[in-house]
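Just so it is clear, A, B, C and D label the chains in written order, and each chain counts residues from 1 on its own.
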Amino acid sequence: MTNHWVDIKNADLILIMGGNAAEAHPCGFKWVTEAKAQRKARLVVVDPRFTRSASVADYYAPIRAGSDIAFLGGVINYLLTHDKIQHEYVKAYTDATFVVREDYTFENGMFSGYNEAKRSYDKATWMYELDKDGYAISDPALQNPRCVFNLMKRHYARYTPEVVSNITGTPRDQFLKVCETIATCSAPNKVMTIMYALGWTQHSVGSQIIRTGAMLQLLLGNIGMAGGGMNALRGHSNIQGLTDLGLLSNLLPGYMTLPGEKETDFQTYLDKRALKPLRPGQMSYWQNYPKFHVSLMKAWFGDAATRENNFCFDWLPKLDKVHDVLQVFEDMNQGKMNGYFCQGFNPLASFPNKAKVGGALAKLKYLVIIDPLVTETSTFWENHGEFNDVDPAKIQTEVFRLPSTCFAEEDGSLVNSGRWLQWHYKGAEPPGEARGDNEIMAGLFTKLKELYKKEGGAFPDPILNLTWGYKIPHAPAAEELAREFNGKALADLTDAKDPAKVLVKAGEQLASFAQLRDDGSTACGCWIFSGSWTDKGNQMARRDSSDPSGLGNTLNWAWAWPVNRRVLYNRASLDPAGKPWDPQRKLIGWDGAKWGGTDVPDFKPDVPPGDPMNPFIMNPEGVARLFAIDKMAEGPFPEHYEPFETPIDTNPMHPGVISNPAARVFKGDMEAFGKAKEFPYVATTYRLTEHFHYWTKHARINAVLQPEQFIEIGEELAQAKGIKAGDKVKVRSNRGYIKAVAVVTKRIRALEVAGKKVHTVGVPIHWGFQGLAKNGFLTNTLTPVVGDANTQTPEFKAFLVDIEKV
Amino acid sequence: MQVTRRQFFKICAAGLGSSSLVMMGFSPTEALAEVRQYKLSRTTETRNTCPYCSVGCGILMYGLGDKAKNVQAEIIHIEGDPDHPVNRGTLCPKGAGLLDFVHSPNRLRYPEYRAAGSNEWKRISWDEAFTRIARLVKDDRDKNFIAKNADGATVNRWLSTGFLAASASSNESGYLTHKVVRSLGILGFDNQARV
Amino acid sequence: MSHSAKLVTRYTAPERVNHWFVTITFVMLAFSGLALFHPAFFFLTNLFGGGPWTRILHPFIGVVMFVSFMAFALRMLKYNHITPADKQWLARLPDIVRNHDDNLPEIGKYNIGQKYLFWTLIITIVLLLISGIVIWQPYFAPKFSIDMVRLAVLVHAFAAFVAIASIMVHVSAAIWVKGSVRAMTRGTVTAAWARHHHGQWYKEIAKGSGK
Amino acid sequence: MSMQSLDIQRRSATTTPSPDARQTLEVAKLIDVSKCIGCKACQSACMEWNDLRDEVGSNAGIYDNPRDLSDQSWTVMRFSEVEVQQGKLEWLIRKDGCMHCADPGCLKACPSPGAIVQYSNGIVDFHEENCIGCGYCITGCPFNVPRISQKDNKAYKCTLCSDRVAVGQEPACVKTCPTGAIVFGSKEDMIDHAQERIADLKERGYDNAGLYDPQGVGGTHVMYVLQHADQPELYHGLPKDPHISPMVGLWKGIAKPLMSFGLGLVALAGFFHYIKVGPKEVPEDEETES
């Protein structure tokens, strides 16, 4: 989230779209209720279903799953045509005035530089025009037709209310009502917040949907404002933390990236990431990439990482391509994988096309499960009748199932959506012989290290030299690991201006990533977490919940990355001259010498107002991007593309290009997509508030609250199919079927899309063949294997099914 | 007093009747209206964070016993932490039911092993599990490690084994996992953020 | 009671056993019922081993009482048709109550008071059974709507009141009319008793077989 | 706030007053249906605090689970999809459970002394150790709340967490409610809070928003703020004017003393008639006639 949970109470308007905060984040949703009660805020919900968030909303509008960009594009068009944007904010803090290269084009759904064979773009043309010093050219008067603002205006002029209503199925008047409500927030002192979750991310155009939302917020001047921002409601308690720590195929901790196999030279690897400013006087904070990277290498490989070996640059594996879960299971299914570890993850249930996942797992030599609970993945080889019809004798995979502790039985920290790192304490012993994750990983690693020490083997260096200075080698303590990722000085750090002055003595914990050096004199496991465990102790365990400003910024509660800042880009909450857009909700201010206030300034502390330096300090441009240059896979401006299983077999905007041209589709999967003729209904999967994915079916209370697998259909579809509430139905996609009880409801309406009546089938995900709740089918038996072009997040939210009474 | 035989019997019967009443507790015991005892009075309170969604609600866990050595602290109740600035003591239906996750009958209790083609689990020791897994990992890594790619560039990667990390485990476990997995050269490495 | 006086059989042994069986069950029901009816009587639950046992036993005893009463009622049915003589007897009730029994009309085996009792008990006990089943926790009550149970518990209370009141009258009358208790315990009455109280009945049995 | 045996406003099947000299604070729970997101956290917290675990049932095509109050579920959410205003779908979700009436029908109907106790702070609590399982409380309750357990034949219902309130803590469902739809405090404060909420709802177009504190049962210590207070039945059959059924009123009202007294009278009449008139004996002379 750019802001945080409690900050939502400062909003005037809350848009919940592509998410269902009341169901998935009830205690966070309290702050929406507070905003409504205390600030008279309005809540607008746009969702294919009338969800529990809609039940307390001031206005609800239905939308066809998978048409979010059409809707948002229409809203942008409405704001531009009705001139309902925050002009001063847009001109100062976005790249609206930048001029784009001449050879950039967009026709019939395709941007310039498309390569049909590789299904990807050559993105050279998606760039600003640069002057001789390499800075982007800008036209403040917005006369140049190739200004980003004008290109954007032309791009979204095509999203008229009629076109939007035709694609999204949202009745025209309801769409316009939402637009009017949103438009009220273009006033500087009216702030809207957007709360979204997997309803937006789990599409083949997921990242672009979020970008459209961000563009909307930029046009309204809401980013950086208290009560504003783009707020992703993360799903798991520490999905934010593990993403920050880079536990993804192509990442290193702190959102640094692994080298590609073509980056053989260390310096070019660093230069490509240490982006120089694209506008004069910008901070472009990624320039410090080398400090963060070298500090990481020192943390991991200690003395073995020296300037001579480029701080073990070659010890890092280099990417041929991204090995995301869809790629891994594609390779596994082709027999290229031998081993697989599932640490607290249930892929058989969580990944699309369960039949393919089950088949792939069966081709493994060994599978290691580390989990507190029995999972379907650990028993993928067991026959569970219709739910998992396999023959154990034919599955040659050796499976190890190692019991791990749960939250109540271990110390450590978790990062919530608002980037707060919060420490928790162990309250009980684990059952039986279960052990903590640290103990299990350390046990495996120390055993492996022994083997390599004794027998040698392929490239043992990173293994043998991995820093392992833990007091108990087979059981590293949480405190030791927390101190490690905070970072410490390896040698006395002296002040550049006055070498005699020692800032940090060797061995001391660092206070923040500002102290990191690229000469190997500092070690830091995760630069954005630096400051979480300083010499003043464990900042993550702080418990002072005082809120002096009343805006909900409790700076002394736990610790937020980066540097305990609670609202990102908060410099943008003031105009260039330093006057807050809304004095009632003032976050920071200039006191004559430096910036300060109720939040840690997201700016260089000593740069006065009026200076050319702009609030978006991570971007080379210093401003937010309406034109995403080459950062996105399928285009600098979000464009509406249909889901790969589209109910209307065309794309009303450009029939020539129906689905996302840049999304990766494996061989054979294109044919596996269901067609509307055989599977006429749009299905979407989602969570219920009473359950957490596939865990809580093991908890008796939650199994009682939602005991049996069900699907939700509108009354119209139910009548057409002769289905009554409580009947058993069979839902079929091109990849398999599930059976469930039918909940017939007024909360799902048939929508008119491209002249066709489109029905929606809601499919909750929480059942499987293990647990106390009634056994059921894994919902992902139905879902298609195609991911978002940028993140490869599978398209769970919009695919096609057929439904019939059993 | 002239008492005929029959009258004598009547008097005895009456006497027997009333006395049996007393013997059977004729006077009802005074039923107290005391309220049930507050079950947390002497338990140990530990602060923690709910492991489910990313609101990160603060929780209070009440463990049996007062940390005396001879008691196995069993958690008997979990409720919201009123001091936590986000949830202020509230919990959702999942958080309020955390006790049943901690005490779920489906909690794994000891390492188990399933042999290729077998139809059952066999219990094994931790040491045996680590030894056999390390062996499998080393053999597979040594066999399939790619030091240089087709163009002769150093890549040092190992693609034939993948790793899925938990996104409910702590930062500390996540950091340690990342260190270990990258040192082996694994690229097929993800966590729930991917879905 | 001189030994030589001639005795006449009024109740056979089975009838007596049946009557006393109904009596015992009825008294138990009355006590347990009253215990649940008014707090003042709640102490009676101790006769049955406490509140829960009272609630558990009451319905079962009720069914037993119903069956045994109906058996008894079947036996007595033929004697309980109201005759003109009964009506005249009724008119003389003020005298009867003051023991001025001279030249009363001759009536059958039972006087009209007893007949009224007979019919009252049949009605109330049937009502008690039906309403009793409707409020019978935990077997039958859940199957009925709550309004039905409310009505039933009201009917049950009212019918029980009538039944108990009637039985009280019956008991005091039995003690009051000397020889009645003997009739139901030993089964015989003196011929004079029979002639005095139930002239018509006395003639019938004397003519019948001179038993 | 304290709840020992000195603060008993009423006690079942007890004709003499219980100790009630002290004036304690009258508490109340307010459920603001307009803030309720139907997440069932209250059900979960209630089950967990009171160590109750209902059966894992089945789905009947609706969201209500468990489908009804039971001895193991002392509160359940009732879901109703209604269109009060044409075209404006509303999902009214009401937390069902004991209303803790000021004039509790269950207590009036209960024959067992001390089985149901109304404390002076308004909480009506079942003391199952005195419960005889007769089910009269079910007939007394205007809201159909008490449930008899098949396991021990005792009656169970929400206790407003009398054990927590006794030590000054709020009930479990109140503390856990994520959106603050359930609030707890003195009845007076809750009514003030309700008025604020009603004003806010009226601003948002709910002209008939109002407080549900039915006087038919003397007001309740569990109150609702309803968007449509003029049609409480919309909320899955919340009674419009709940009161103790006249049949129960009759039965437990005048009938009890009247009939008991009546029976006493009949018994005495029989006795004194005998004393006055003496036994009815067959005169000596008739005896010798054979």
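In this text, a contact is a pair of C-beta atoms (placed from the backbone, for glycine too) under 8 Å apart; a residue touches a chain by one contact, two chains touch by 3 or more.
These numbers were taken from a predicted model, which means no experiment stands behind them.
**Student:** Please find which chain has its CA centre nearest to the centre of all protein CA atoms in view.
**Tutor:** Of all chains shown, the one whose C-alpha centre lies nearest the global C-alpha mean is B.
**Student:** Please state whether A-B or B-D has more C-beta contact pairs across its interface.
**Tutor:** A-B
**Student:** Quick one: report the Å distance separating chain A from chain B, using the average Cα coordinate of each chain.
**Tutor:** Computed value for the inter-centroid distance: 29 Å.
**Student:** Using mean CA coordinates as chain centres, what's the chain B-chain D distance in Å?
**Tutor:** Each chain reduced to its C-alpha mean, chain B and chain D end up 35 Å apart.
**Student:** In whole angstrom, what separates the CA-based centres of chain B and chain C?
**Tutor:** 65
**Student:** Just how far, in Å, is the C-alpha centre of chain D from the one of chain A?
**Tutor:** 49
**Student:** Name the residues of chain B that each touch 2 or more other chains.
**Tutor:** Those would be 28, 78, 80, 87, 90-97, 99-100.
**Student:** Which chain D residues touch at least two other chains?
**Tutor:** Residues 39-41, 43-44, 47-48, 113, 130, 178, 180.
**Student:** Using the touch definition from the top, which residues of chain A touch two or more other chains?
**Tutor:** Where chain A meets two or more other chains at a single residue, that happens at 26-27, 30, 689-690, 700-702, 705, 772.
**Student:** Which part of chain A faces chain D closely enough to touch in the complex?
**Tutor:** My answer: residues 22-23, 26-27, 29-30, 33-34, 36-37, 40, 50, 52-56, 58, 60, 689-690, 700-710, 724-727, 741-747, 772-774.
**Student:** Which of the residues in chain C come into contact with chain D in the complex?
**Tutor:** Touch list, chain C to chain D: 2, 5-6, 34-42, 45, 50-52, 54-55, 97-99, 101, 135, 137-138, 141-142, 146-147, 149-151, 153-154, 157-158, 161, 164-165, 168-169, 171-173, 175-179, 190-193, 195-197.
**Student:** With touch defined as at the start, can you tell me which chain D residues reach chain C in the complex?
**Tutor:** Chain D reaches chain C through residues 13-15, 111-113, 130-136, 138-139, 144, 148, 150, 153, 245, 247-248, 250-251, 255-257, 259-260, 262-263, 266-267, 269-271, 273-274, 277-283, 286-290.
**Student:** In the complex of these two chains, what residues of chain D are touching chain A?
**Tutor:** 34-41, 43-44, 47-48, 53-63, 65-66, 73, 81, 83, 89-91, 93, 178-181, 197, 200, 203-204
**Student:** Provide the residue numbers of chain B that touch chain A in the complex, in ascending order.
**Tutor:** Listed in rising order, the residues of chain B that touch chain A are 44, 46-58, 61, 63, 72-75, 78, 80, 83-88, 90-102, 104-119, 121, 126, 129-138, 140-142, 144-145, 147, 149, 151, 153-195.
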